[in-house]
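Shown below is the structure under consideration.
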Amino acid sequence: MGFFSVLGDCFQILKHTFRQVFKRPFTYFYPFEDRIYPERTRGRHIHVRENCTACAQCVRICPVVAIRMDKEDKMYEKDCALYFDYTRCIFCGLCVQACRFEALFHTPVVDLSEGDRDDLIYGPDKIETLDRDPLKWRGRRFR
Amino acid sequence: MADTSTMKASTFGRSVINKLPEVTSNLLSDSRIELVVPASKIRDVVQLVDEELSDALPESVFGVDLQNDQYNLIYIFWSWSNRLLVQLRVSLEGENPEIDSTCDIFPGLEWHERETREMFGIEFRNHPDPRLLLLPDELEGAYPLRKRFQSDLSRLDETGINPPKPRPKEGGEQK
Amino acid sequence: MSPDILDGSMDIWFGPQHVSAHGWATKLTLVGDYIVECDPNAGYFHRSAEKVLEFKNFRQGPLVLERMCMLEAFLAEYPYVAAVEKIAELEIPERAKVMRTIMMEMSRIHSIQFWWGQFNAELGFFTMALWPWVDREYSLDVFEELTGSRHTVSFSTPGGVKYDFTEKVMTQLNRAIDRFEDRLVKFKDMQLGSPTFRARTENIGLYDVKQGLKWGLSGPPIKACGVPMDLRKDDPDPNLAYDMVDFDVPITENPEHPGQSDAFDRMEQRFAEAETAVSIIKQLIPQIPEGDIVDPKARGKANRLPEGEAYARVEGTRGITSVWLKTEEKGQTAYRAKIRGPCIASYYALKDLVPGSKFADFIVIFGSLDPYPGWWDR
Amino acid sequence: MIGGVMLQFDFFAWLAGIPDWILGVLKWIYGIFSYVFHWIFNVFTWIWTTIFIPKNFMFLFRAVIFPGLIFVVMALIWAVWFTRKLWGRIQDRRGPLHMGKYGGLQLFADAIKLIGKETIIPDKAKRWMFRFLPGLLLVIVLLPFAFIPWDTVSAVDGGWAISDLNVSLVLAFAFLTAVPVIALLAGWVSGSKYTLIGGFRAANNQFAAEIPMIISTIGCAFLARSLSIFDISMAQSSLWFAILLPINLATFLVAAIASVGVFPFDAPVADSEIIFGWRTEYTGIYFTLTYFAEFAEQMLYSALIVALFLGGPNGLPFLPGPVNFIIKFLITFFFFVLVSSSFQRLRQDQIVYFCWKYLLPLAVLNVIVIMFAVVYLPGLMLPLLGVG
């Protein structure tokens, strides 16, 4: 390696970095831009209570015990109050695969942060509704 | 490499048994062989593996708790040029069984032996560095991978379903 | 080391709160600027995975495995699945085999992209750290499009795979591969030709094959010595589709020190690995057969397994990754599962490899072996 | 009472005397206050009259506001923002975004956060030195800005510059040599092994880089026949020294980067090797000071490059001197950041090897060439220089 070839390599690298300065950056302006999440995104769940038979397969398959089924609350026959503990959920998707009655789905909502830990335990009312349209709540699209 | 060509598993087994008749072999497949080795002969067999298979890769050493103070210790070696996987199985017995360390022959086994010692309570004689590898100091002597070690099922009630098995009895070795 | 030299020595703990020690700690003894003793310590990342596996059934088991190394999640979860399939004697659909192989190679590419950036960050060149991570985003997009998760994919299941390839996944996959191929050509020269990179890595962390095998090294650290030791060729798994493709085991031979490898060779070797992975994926994409992705009876069969033992291995990004599984008769969970991560050897190797080198080179040697704490702490 | 007149206490006389007494006390108090007030008033008057003599006022204005402290600190804040933004762009990121327009106020947010943080002083640290050194470092790094010739008119004649000495180049280097000493001391008094190693590495960097850097400036001093930075920059009114001394420009730039200890030569603060070098134990406001000092040093070297090689305030004739200077300063700083984000880190022995084996001979070579040129080709050189 001669002196001048080393110098040439240095300038080659400087050329790459210099060009990069004037390119559009790859990252996006996060809270105001967001990417499109795929359909299969394993975000928070939604529970369709009409289809649920309270078979508790989702509770049994859950590897971290994040799902709790309340069977004491017998308002009507097919009652199945599910409590999802998102402090423990690992979003593995096994509960959705275990459900044979199309009663449990993932949604592409992935930003679940709350101010309080207790708010992350989604009760039956919260798990059955989506408080926002998962794909259309942010302004700009990216990628 | 013992030969220029690849060595069959049965050939290797026979050559080991010829030298050490206490060993019994058990052909798992064409390229995999299991040797059942008495605990006293483990150094000789590992030495033989090192001599016969010059490119032997020490994959792992680990214990299996068969309950009632019965343990299996399994050594796995892989020789890529012979396409040969050697699995040594040693049966051990007792509260804290002992066996000779082989990590001067294969230095790569040192940590596996340390881990087996802390997890199963199998002592390796002449091990150069018998400290704990993964566990914190509080669990010295607790041997977590033994079946008797009581694991924490205290939060299982929260799920609302019955525990799948009855709870382990009192008197586990958890400190 | 004679004791009078050690009188003027200084013990220094590299980790666990060090910036570049993410989950490990090594005690170094320095004399001047030279390391005379190195004592790698493990256990800061220990999650008792082997005990956890004794309480998880065979469909939950792969989730534990993929958390051992999330950078190569597809590869990491496979040995467990393969061991379960061996014991349960499950038949895998052809389509699932090819899909698994493609995604495992994709995972290898992703892991190499991450390591490439990581290694440059350890060498103090953050620009080159961020550039490969841009390509890595495209790989992650593929994973997300396919499985719905970027890192913890949970793709393989006993008897097949969980998620099918769609049109959009194929588009993303082709895009990621094409982009990475372009960028690899462009940045390989920039990386390997960089004078400062050569100055930092050449003749650093030199060992030969014999020594490496004694430590238990496998994968790229051994292949960089010029030894074509690769499970994809040597011990091909019948449930993977490596027999459908034509590839050579990538090796790196340096004429300056034959049979040995330094940090520079290991960098070159990983580029070769990535190129091989790209070519494997490119060959496999047109060959994906139609059919089921999972054996419909597998779900029932994998619930309770017969008694048996199985040892399944896969050539991971960092070396031989394997799971030894023992089950009881009608067992719902594993009786004993031993995870053998490749990095336990490469982390142990520091003990003999590092003494004699300079303190500033420690992180170069460490980074060039690409150890991931999850693999030795489990 | 024997032999005397008993003075009868006249209560009413006493009562009548009270107002006088109170008045006396009040006068006394008033006297004290008026004295103090007059004293303060006189001081103010003196300061007022002294400052508002136009010459004095302009000097203070220059020292404190425009080319002086506040301008430099503002430029420093801008430089930190610019560096982060540029690093972000080079690395395909966006850099700071949210505070202010294009993240321009990010540094204020960072500074407020850091100042609000708890200051942790290690048990083994020498407490007072530990507290004292970061401030001293920033002061020492900011002092040489006094000699930067921002304007074509000298400070004595009322130009936009603070001061100048006929040995200001030497003095600037004297201040800059103190920086690694402080780094070494800071590493020493922090009572930690990583900081100690970092301190020695900082000293090592300066040991390696200082000689090539100073020799690179010798050519300028020869050509300008002066050691004053102002004279050197004014000697380039017709021809920049960058054209006569191109290799010295490059060696000075590289040696300056090595001396500051930013990226390719950041062994003193190599975060993947020694955590943050000699700055590891500094938290909160102390960290802010050391962080600012590093950027101030980068700016100072950029300004020195402009003054010594790129003609200083000379440039487009229709622009005022400071504007010319600042334009060139921005471009130099851009290249400073660009070079400092393009290479892998060198080991400290390689830094010494590189600086002494390559930079030093190159710098000397250029100086020798220019000496011969001055001696043997006077007709070629001197009219261009405007000093012949």
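Going in written order, the chains are labelled A, B, C and D, and every chain counts its residues from 1.
The rule is short, and it goes like this: a residue touches a chain if its C-beta (ideal position, glycine included) is under 8 Å from a C-beta of that chain, and two chains touch if they have at least 3 such contacts.
The structure displayed is predicted, hence computed values, not measured ones.
The minimum number of touch steps linking chain B to chain C comes to 1. Comparing mean CA positions across the assembly, the chain most remote from chain D is B.
Of the two interfaces, A-C and A-D, the higher number of touching C-beta pairs belongs to A-C.
Relative to the whole-protein C-alpha centroid, the nearest chain centroid is that of C. Per-chain Cα centroids separate chain A from chain C by 26 Å. Chain centres here are Cα means. That of chain C falls 49 Å from that of chain D. In terms of their C-alpha centroids, the spacing between chain A and chain B amounts to 41 Å.
In chain C, the residues that touch at least two other chains are 127, 134, 194-195.
Across the assembly, chain A contributes residues 10, 13, 16-17, 20, 26 that each touch 2 or more other chains. Residue positions of chain D touching 2 or more other chains, listed in rising order: 90-93, 341-343. Listed in rising order, the residues of chain C touching chain B in the complex are 42-43, 46, 48, 50-51, 55, 209, 213-218, 227, 229-230, 234-235, 311, 320, 322, 324, 326, 332, 335-336, 338, 340, 344-345, 348, 352, 376-378. Contact residues of chain D toward chain C in the complex are 87, 90-93, 193-194, 197, 263-264, 266-267, 270-273, 275-276, 341-350. Of all the residues in chain D, the ones that touch chain A in their complex are 86, 88-94, 97, 338-339, 341-343, 358.
Considering their complex, residues 3, 10, 13-14, 16-18, 20-23, 25-27, 29 of chain A touch chain D. Residues 56, 59-60, 63-64, 127, 134, 137, 144-149, 152, 154, 162-163, 168, 189-190, 193-195, 198 of chain C are the ones touching chain A in the complex.
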